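Across the two complexes that follow, chain A remains constant while its partner is chain B and subsequently chain C.
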Partner chain A sequence: MARLQGVSSDSGTGAMLIEAGSYPIWQDFTLWVEYELEFRQGGFYHLTGQNGSGKSSFISQLLLPRLLALPHRYVLYLEQQMHLQLFTVKAFSAMNKANPILADESMATQFLLKDLKKSFDQVPRDSYLIMDETLYIDSHLAYVRQYLQTCCIIYTSHQSIQPEAESIIFEPVSVELSKVYVRPD
Partner chain B sequence: MSALIKFVLATMALILFCVFFCVIWLDRLALQLIGFLALSMLLASKRGFRGWFKQVRILLPFTFTLAAVYLLFGLLKVSDPSGARAGLEFWSVYGANRIMLLLSSVLAIRVCYSYVSFDDLLALPIRISLLKYVILGKLLYEAAFSSYRQICFYQSLIPSLQVGGQSLKSRFNFRLASLLALLYYIIGEAKLKGELIDNRIRHCHQREE
Partner chain C sequence: MDILLSATALTHLVCDARHPLISHWRLADEMLLYNIGSGKAVELIEDFFRISGKALTTKSRISELSGGQKVILMILLAIHSPAQRILFVDINHALDPEKYALLIALTDGKASGREFRFRNRGDVD
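Coming up: the complex of A and B.
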């Protein structure tokens, strides 16, 4: 099972490891991580594979729980369809008297990114930004590169392929199993 | 038994409960206690001990708050409803009756309408234009319960909420924001689902229109 590497509270020095092995994600679906995966601060990772290969499941069932279990870190997750997340962010921003009132996903994601920057400026910590088929991914990347250079960015996208990103491939072996590995250089 | 008869019987039972326990026996603590125990047994027989405990547990914060308020009245010797100065003895009995009634009332509603299923409600001889509110109510009820946990999860993913400790204020604000998000969600779902139901009614129940 995944072993959590200690993540220091100093920004830019931590990494999160997911050890090689089989990870049962759902009742009839397993992810097989061929070699250890390392997510470093300042790193840039593109999870790629066909639809149904387990990218979103990897994020929601494996990556996020482990990141949230780390002490002294920021985790920002922008998911594919922000339906319920949008209401959550709207409520939070309303209670914090944000102006203007958030009307759509674009405003909500901008609010969250600014919230991440503000939190980091006040208390620097290791930061992880995970984007799962998010709209406007290029503008989000530009913002993070400008204001949060040490942030670890992990994203999935069929449209936006960033050449400098390290590709992590999700390859279906069967209906019940997908293999996960880093694309060789 | 037909749906209408079940619904009428459940409503009549509830009205009888209100007449006896909320009016006639309001200040009879022993009877209030017997009522509570009887309703508890009925609910436990329908939903098991866990179902009963789950229901009572939800009411515990309100119960404790009420008890605290009446205790305070007693300690401060607040005047009773007739205007006379009343002490701890009066307010403890007065409060106990009301607390028992609160618990019994909720259990009574649960017990009476546990015999009326959702399919029974749909089979009632009422116009679809009214029945749609029953359907919408059930959909929103289910949506609320299934989404609250997810809302709390998304809240934990807001960066500035990952900084703070577990102070009472931060936990209170967290819960408040969760409830506000749930309210936004339910209002949005009510509009969306309401339109879908209206559209379906327009196409499938044209005769009534």
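Coming up: the complex of A and C.
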């Protein structure tokens, strides 16, 4: 179960919490969250683990539904292998006469980030940027640090290791179970 | 320029980690697309289990694999296909270091008379 700590009635500011426990994600796969996980505004989190350890499943089946169920916040999710998502973004931008026309993943994700900034500038709210093996992580981080400093950033990557990020480890216990915990300092 | 428009892509089987699967249904369907006969299924499935730790059959629904497992399967399908020239795109982004090393070693082992190329988006031809 997830809950929001310190919620105000207007902006919903606070941390997103995932309580400790066992979470059946798929029919034959469970995530065991060893201790409560806290995702704070301005926080920076790296979900790390080998292929198949449950990182993307954690995002899509546990974190996102809880974020989207809560009011008064912005959530930008750049999914893994986002080619289908890209078609939607390209179509949306074309309908809104975006200039230049979005040609690739880099341009599409920049479009989405600028749209998030535009929304935040108009109505500041708790914001979450989730990047699941996004190709251009470094440039996205630079943009968010400049324009969306209170945004909570959660990312997965086998290539980009950001030393300042808090690591959340996904450790396979068996094919059907992975343990999730924060890397000790 | 999108790498798919490059001269290399016109002469190679292109395997892009950003969209690794085509059929999204059963393994047997994906094998058909790669022109892999049933005789190679056992070796393919054994390689997949050895690298990913996950057991498959030809009737397994490949859409239920994790993103990284789909990339592993794509690479193995390409390696076991009749294609003589294969271009792998962005696979190092999708694989943890251990699995990337295992698959690179596998391409070395299957390289006789064949060409395997590895590129990332933004590489200049």
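Keep this in mind: the second predicted complex is superposed on the first by the 174 of 185 C-alpha atoms of A that agree within 3 Å, B and C clash if a C-alpha of one lies under 4 Å from a C-alpha of the other, contacts with A are read in each partner's own complex, and residues count from 1 in each chain.
We adopt the following convention: a contact is a pair of C-beta atoms (placed from the backbone, for glycine too) under 8 Å apart; a residue touches a chain by one contact, two chains touch by 3 or more.
Values in this document were obtained by computation on a predicted structure and should not be read as measured data.
**Q** Of the two partner chains, chain B (first) and chain C (second), which one does A:Glu105 touch, if any: first, second, both, or neither?
**A** second
**Q** Check whether A:Lys90 is in contact with chain B, with chain C, with both or with neither, and answer first, second, both or neither.
**A** first
**Q** If we overlay the two complexes on their shared chain A, which of chain B and chain C does A:Gly52 touch? Say first, second, both or neither.
**A** second
**Q** For A:Gln122, is the partner it touches chain B (first), chain C (second), both, or none of the two (neither)?
**A** The first partner, chain B, only.
**Q** Classify the contacts of A:Arg73 with the two partner chains as first (chain B alone), second (chain C alone), both, or neither.
**A** In the superposition, A:Arg73 touches chain B alone.
**Q** Provide the residue numbers of chain C that touch chain A in the complex, in ascending order.
**A** Answer in residue numbers: 2, 17-20, 52-54, 64, 66-72, 90, 92-100, 121.
**Q** Given the complex with chain C, which residues does chain A contribute to the contact?
**A** Residues in contact with chain C: 26, 49-52, 54, 56-57, 80-83, 103-105, 132-133, 135, 157-159, 172, 175.
**Q** Hey, which residues of chain A end up touching chain B in the complex?
**A** For chain A paired with chain B, touching residues are 68, 73-77, 84-85, 87-92, 94-95, 112, 115-116, 118-120, 122-123, 127.
**Q** Using the touch rule from the top, collect the residues of chain B that touch chain A in their complex.
**A** Against chain A, chain B makes touches at 147, 150-151, 154-163, 173, 176-178, 180-185, 188.
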